[in-house]
Amino acid sequence: MTEPLLEVKHLTRDYLLRSRDGFARQSLRAVDDVSLSVARGEVLGIVGESGCGKSTLARIVMALDRPTAGEVLLEGTSLFTLGAAELRRRRRDFQMVFQDPYGSLDPRHSVGRIIAEPLHLESRAATIADRVAAALESVGLKADDAKRYPHEFSGGQRQRIAIARALMTSPKLLVADEAVSALDLSVQAQILQLLMDLKRRNGLTMLFISHNLGVIEEIADRVGVMYAGKLVEIGATGEVLHRPQHAYTQRLLDAEPTLDMIGRRRRVTA
Amino acid sequence: MLDVKNICVDIAASDGRVARVVDGISFTLGEGETLGVVGESGSGKSMLALSIIGLLPGVARASGEILLQGESLLRLSEPEMCAVRGKRIGMIFQEPMTALNPAQRVGTQIAEGLIVHGEMTHAAARTKAIELLERVRVPQASQRVDAFPHELSGGQRQRVGIAIALALRPELLIADEPTTALDVTVQKEILDIFDELVAEMKMALIFISHDIGVIGRIADRTLVMLNGKQMEQGPTEKVLRRPEADYTRMLLTAMPRRARGHLVAGSAEARR
Amino acid sequence: MTDVTAPAIAAPRGRLSGHLRLAAGAAITSVFIGIALLALVWTPENPGRLRILQKLKAPLESGLLGTDHLGRDVLSMLMAGTINSLSISLLSVLVGMSIGTALGVAAAARRGLFESVVMRICDAMFAFPPILSAIMVGALLGPGALTAILSIGTFMVPVFARVTRGAALQIWAREYVLAARMAGRGGISITAVHVIPNIASHIIIQVAIQLALAILTEAGLSFLGLGVPPPTPSWGRMLADSQTYLQLAPWLALAPGLAIAFAVLGLNLLGDGLRDLLDPRRRMST
């Protein structure tokens, strides 16, 4: 019985907010007792609207933020019980691709330097250059793009660079936080395809976060729905999207504009 | 009602080169009709909108003909154009937070146009503002009218933006990606509001979006743009279900399956 | 179908004057640097040479700018004073910049108690204007270049600390810093590799502005007798000495006064021009 690659148990994250008058402290529960698991090789989608806590969840899973309660287990090891040095070593195993292709690459670094950053602790320069070239080619760019700078590339190409960077350490888990949301439609489709190909080739497990149900349906095996910090529903994609159990899931499904709606306009209730 | 003929917009770059960001767009729009303008980033759709309302940046120049009820808009001087803006053409922008003045109450911002154009008293304008907020389905309008933008949610701010645009009952409303920054459930409500208003006030609406699903939902006719040029134009049903241009077909195949719905647009090559 | 063209494209006005500012500022500053360098090896007369018989001669009567009450050649004193002004301001700004930047980026990286303490210390330093600190330090060390540098430099530290902390905090919020954390980089590494290169433009601009301020402050200190003592020529002291002879020999006040004014003008224009050059374009790529 293989254990899941990623397990999240009763994760809670509270933020303390100063109230308007500066005195009273209010507590905001961004993530509320969320538990889930991701099997090896699976793509778990997390869908929800703004403020539902999905990005906070992603950051905690990436150990970029500490939870107020609960644990995150990667291959059985609890991430937050590790010492700093050990955690740093473990970071090779999980990487993230962010939403904003314009903010996720340092404008002052060359593409090659950006992609090689996860390897900054390793010193064999020769192999690094080769690995960077290989990484660029695996995401559909050219080896000598390594010399160029981020502003010379389009949004979709920059996401490819970000993906190449994320895969440099051959991670087991890739978290994509709204990775295609800022891209044009045609580019979105290409990047999703790229992620699927890379997943197959590298045996990746993915946590794919998005507010767009259509994108989730394309890429996720299972999907979890978040609302106000809670995980309200989780299950196989087909099930959740066609036979939702929770009222909120139904609301999300109803709200998404599809082409079936053409010509159904102006059924206005006065 | 609105007749746009061969609009071109040129922009002068800092090194002196001139780029043509809108290249020969033409369309007509009647009362109560909605035109959806769809295109990816850089397609020129925003520049097209700005050229109609006369808010192009200083380095841009528009040529062609824009006729509003027979009157040529491009020939108007800036003061004349000011009289048109707000009163005859209203505009709604993408980012609800930046389109509103954070230091002014929303009621004041809605009333601004009423006072400047309509020569209303402040008291009368305030009453009208509350009325407008109710029209755009903002709950507790009589209290919300005194709120500041940061006290409202994104969806509510966008509704305020719509109320501001509608205050003077313009003949033409231009909405540039008004729902892009909003959650999908909020988007649904905003689109419903647009439907109601267009039906009630018989406004012409130009709705710009990169989201084909939204365009399909709200537009009677659709114009597809790429690099400033028109790729296809026609009734929405036809453009989206039986597209003629390759680009339109490509956009439709790029859509996630669920958004495409149960139809197969144009040539349906399997994507995986 | 008549084609109508909207009113002509307006040339981007801001950009032209921006470049003009930068060019003017750079030109004026270079002139002063040139004079200082020249004065290191040559001045028309020895600035310290007293020729009582030639005292209070008008410009062109004796030397290009006349002589002062002790017969010293005003032009030579002015040129030598340039070395003084530029070097003291440069050194004070360097002191302020290095300590201030270090504190600022450290505060942005560490946050929490460390940041609060650093910022409060900076607030305290702000409370002591250079004149006041010069008097205090001068009492300890006596008037001189070191006193001036320390007093002015101390005032610059909180300025750079504030500016760099603010700019650094913005960089820390960027996703590429998150990516660097994911790659296992620590605070110092991120500060060196990502933060400082991305706030460099803010620092450069601040250096230009603070140089102008430093020159003005140094002149003020010298005017009050708290700067470098004689015989080193100093613009501020020239101004002070000229007060007695204002009606007799106005050029004695005009020369150093205009020198100070133009040096400050040049550096301010340079700072403004750099800001126009570096900031708007940066906004696209940062």
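Going by the order they are written in, the chains are A, B and C; count residues from 1 in each one.
The rule is short, and it goes like this: a contact is a pair of C-beta atoms (placed from the backbone, for glycine too) under 8 Å apart; a residue touches a chain by one contact, two chains touch by 3 or more.
Please read these numbers as outputs of a predicted model, since none were measured by experiment.
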Chains most often in contact, by C-beta pairs: A-B
Most remote chain, CA-based centroid, reference being subunit A: C
Averaged-CA centre spacing for the pair subunit B and subunit A, given as whole angstrom: 32
Distance between the centres, which are taken as Cα means, of subunit C and subunit B, whole angstrom: 50
Interface residues, subunit C side, partner subunit A - complex: 174-176, 178-185, 189, 194, 197-198, 284-286
Complex contacts: residues of subunit A adjacent to subunit C: 62, 64, 88-89, 91, 95-96, 98-100, 103-108, 114, 117-118, 120-121, 150-151, 162, 165
Subunit A residues within the subunit B interface of the complex: 49-50, 155, 184-189, 193, 196, 211-215, 217-218, 241, 251-252, 254-263, 265-266, 268
For the subunit B and subunit A complex, residues of the former touching the latter: 40-41, 154, 183-188, 191-192, 195-196, 199, 210-214, 216-218, 220, 236-237, 240-241, 250-251, 253-263, 265, 271-272
